[in-house]
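We call the chains A, B, C and D, going by the order they appear; numbering starts again at 1 in every chain.
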Amino acid sequence: MNLHRFANPARFMRLSSALLPWCGAGAAALIGIGLYLALFIAPPDYQQGEAVRIMFVHVPAAWMASLVYALMALASAIALIWRHPLADIAALSAAPLGAGFTLLCLVTGSLWGERMWGTWWVWDARLTSVLVLFFLYLGYLALVNAFDEPGRGARAGAILALVGIVNLPIIKFSVDWWNTLHQPASVFRLGGPTIDASMLWPLAIMVLGFMLFFATLLLVRMRTTLIEAKIRVLLLSEIERHAAASPRQAVAS
Amino acid sequence: MPAGRHTMLPAAGFAGIDLACRRGERLVFAGLSFSLAAGGALVLTGPNGSGKSSLLRLMAGLGRPEAGVLSWDGAPVGEDPPAHRARLHFIGHQEAVKPLLSVAENLAFWAGMRGGGDVGQALARFRLAAFAGSPCRLLSAGQRRRLALARLLASPAPLWLLDEPATGLDSDALDDLQAAIAAQREAGGFVVLSTHTELPMAGAATLCLSDFAARPA
Amino acid sequence: MSEAIARFLAMGGYAAYVWPAYGLTLCVLGGLLWWSLASYRRSRRTLERLQGGREP
Amino acid sequence: MSAFRLLVQRDLRLALRQGGDAAMVVGFFVLATILFPFGVGPEPELLARIAAGILWVTALLAALLSLERLFQADWEDGSLEALSLMPLPLEAQVLAKCLAHWLVTGLPLSATAPLLALLLQLDAAGYKVLVASLLLGTPTLSLIGAVGAALSLGARRGGVLLSLLMLPLYIPVLIFGVGAIEASIGGFGVGPHLLLLGALLAGALPLAPLAAAAALRQALE
């Protein structure tokens, strides 16, 4: 009764410690194989030559960037509606990972742009949307860490994540519309109009590898947050134990 | 959570069953119950940080209790928040007074937000009639405190929740407060207040928060 | 043999783009991995110190 | 008088008595716009080409600046806590405060925009649509901004945080606002752009107060 439900979520800790080795091994294996296929086996693109290999990191990163934000919004909805503390922790733990994937997507995208267009940044519709998504992540991370009381940041972040997920398609639509208005000519296909089978496999494996990698780190970060919460509770109760014991004697004597 | 919660709620009056409240990671109090009949008063006592303000805020509907239920005339309060808000006054530590507006404008605003009421009489009963026209930035802390309490009289509400109303009041103001509370109770209203100073009230129940402090882990 | 490696590293003339992309991927993913594991270990150690290493 | 109008009236009275609010917002708008010719040079054709964009970006930033105080003043003196316990639902109160904020910022901005457009040599065909797009767009800015103001209440460096949260969400309003002006200058139909701005407003009207009220309740817990 005394400890808040999430202070000792034995079930989640047991479950995650069982899952962790498998996720970790799976992620390492998939990314390893994916990298090998991407760098050595996949044929160069007839138009873009070897540079197409950037796609094998850029596309999974782009996919993870939006997938993680969607998961954060889902977790935030669960946290707000059912006040489930684990959902809050999941969203908080996922945010930095999502931001990392988005940054990776942006930089690999600009590398790709540099090769194709000779400039480090191309206001392509998709890249611009990813840039905006990156700022949504930064906004979330800034908001969550802007409060002294930990619970307050998580709850405010949950609302922001929901507001963000509602706005994301609108932003995407307006950026696409704005892009076609100002840059009608270039069809800037990152992955090329069609991806033939020989490239599809490495891509699929890399995407799966990234997802497992994300799952592993998410579980690790959630366990860390839970342990930190438990530490706070232990420190608090120690203070209370001292406070409860010492002053009364002082007053009494 | 006790089964058949509704059956256990007292048919009339304002009550709380097995209330628990959390502040961040800390459970402030647990298993706290109280029951108040019409015309009744409840005085909350206890050291700082024992949860007097937290309990009053829970009663007002600012935030949800960790456990337990509050009931009004047998119906859980959480089921109809607007109705609960309509029936209560909550005067917290801050006075909610705008320095730029005059005393009368401030009180007229708060009364108007609750559907109107007699501002003049409320100011008079807290000896603020003379300041009606002056902007609140000229008021002293005690006078601002009296203006906050005048909100209680400006528009009627059966339930009064007062968080340390007596702080900063001089002896006259204390008498006005006690008179107002007595009148409220005679009219069949409920008064719950937390206080550190001695505030004698006939037939008032007291509740010491430290009796319900959650055991440290 | 070394000629094949050199050709591979040249990446058909796009070495300056492909390798930074993969290098950055390893940095970002590696960084996230290290940061998460480091904070996890640190909090475990503090917890064990606080609890005198009783329950996990 | 209904509680809604009472709250709007109180906020307007507070804003006008302080005197500064509307003047400061318009002052920032004028000054920020005047900076551009010093930056990009006074050539009329260049200025005319980017005038719509400059006006909309500076108007957007001006609206954003004044949003931090939307709930801050009431939060500090306990009014927000008392307001949340009033019979009028918090969502309606957020709407009332957004209306008062818009009347003090969005309206004056839309009124002064044509004067500044003169300085930036905006094409004659653009003036009517400039005002129309601002009148349609600035309420959405106030509504979405209210969510940011509520979320960053009581946060460290709330002002900077508010801009970081809100600027990405302002992009659609900016794109369609400027798009409308450039369409009218280019002789194309302005209908779709203004309709899209209206759609954004129609979407923000119910959803923003919902999100802002939820954020305020979290802050008051």
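Quick notes on this structure:
Basically, a contact is a pair of C-beta atoms (placed from the backbone, for glycine too) under 8 Å apart; a residue touches a chain by one contact, two chains touch by 3 or more.
Computed from a prediction, not measured in an experiment: that's the story for all the values here.
Counting C-beta pairs in contact across B-D and across A-C gives the higher total for A-C. With each centre defined as the average position of its C-alpha atoms, the distance from chain B to chain D rounds to 38 Å.
In this assembly, the C-alpha centroid of chain A lies 16 Å from the C-alpha centroid of chain C. In whole angstrom, the spacing between the mean C-alpha positions of chain C and chain D is 44. Spacing of chain B relative to chain C, judged by their CA centroids, is 57 angstrom. Among all residues of chain B, none touch two or more other chains.
Those residues of chain A in touch with two or more other chains are numbered 234.
Pairwise chain contacts present here: A-B, A-C, A-D, B-D [touch as defined]. Within the complex, the chain D residues that touch chain B are 1, 3, 6-7, 10, 13-14, 17-18, 77-79, 81-89, 220-221.
Partner chain C is touched in their complex by these residues of chain A: 13, 31, 35, 39-40, 44, 49-51, 53-54, 57-58, 61, 96-97, 100-101, 103-104, 107-108, 111-112, 114-115, 213, 217, 220-221, 223-224, 227-228, 230-231, 234-235. Touching chain B in their complex are the following residues of chain A: 1-4, 7, 149-151, 229, 232-234, 236-237, 240-241, 244. Chain contact summary for the complex, chain D toward chain A: residues 147, 151-152, 154-158, 161, 164-165, 167-169, 171-172, 175-176, 179, 196, 200, 203, 207, 211, 214-215, 218-219, 221.
For chain B in complex with chain A, the touching residues are 22, 24-27, 30, 214-217.
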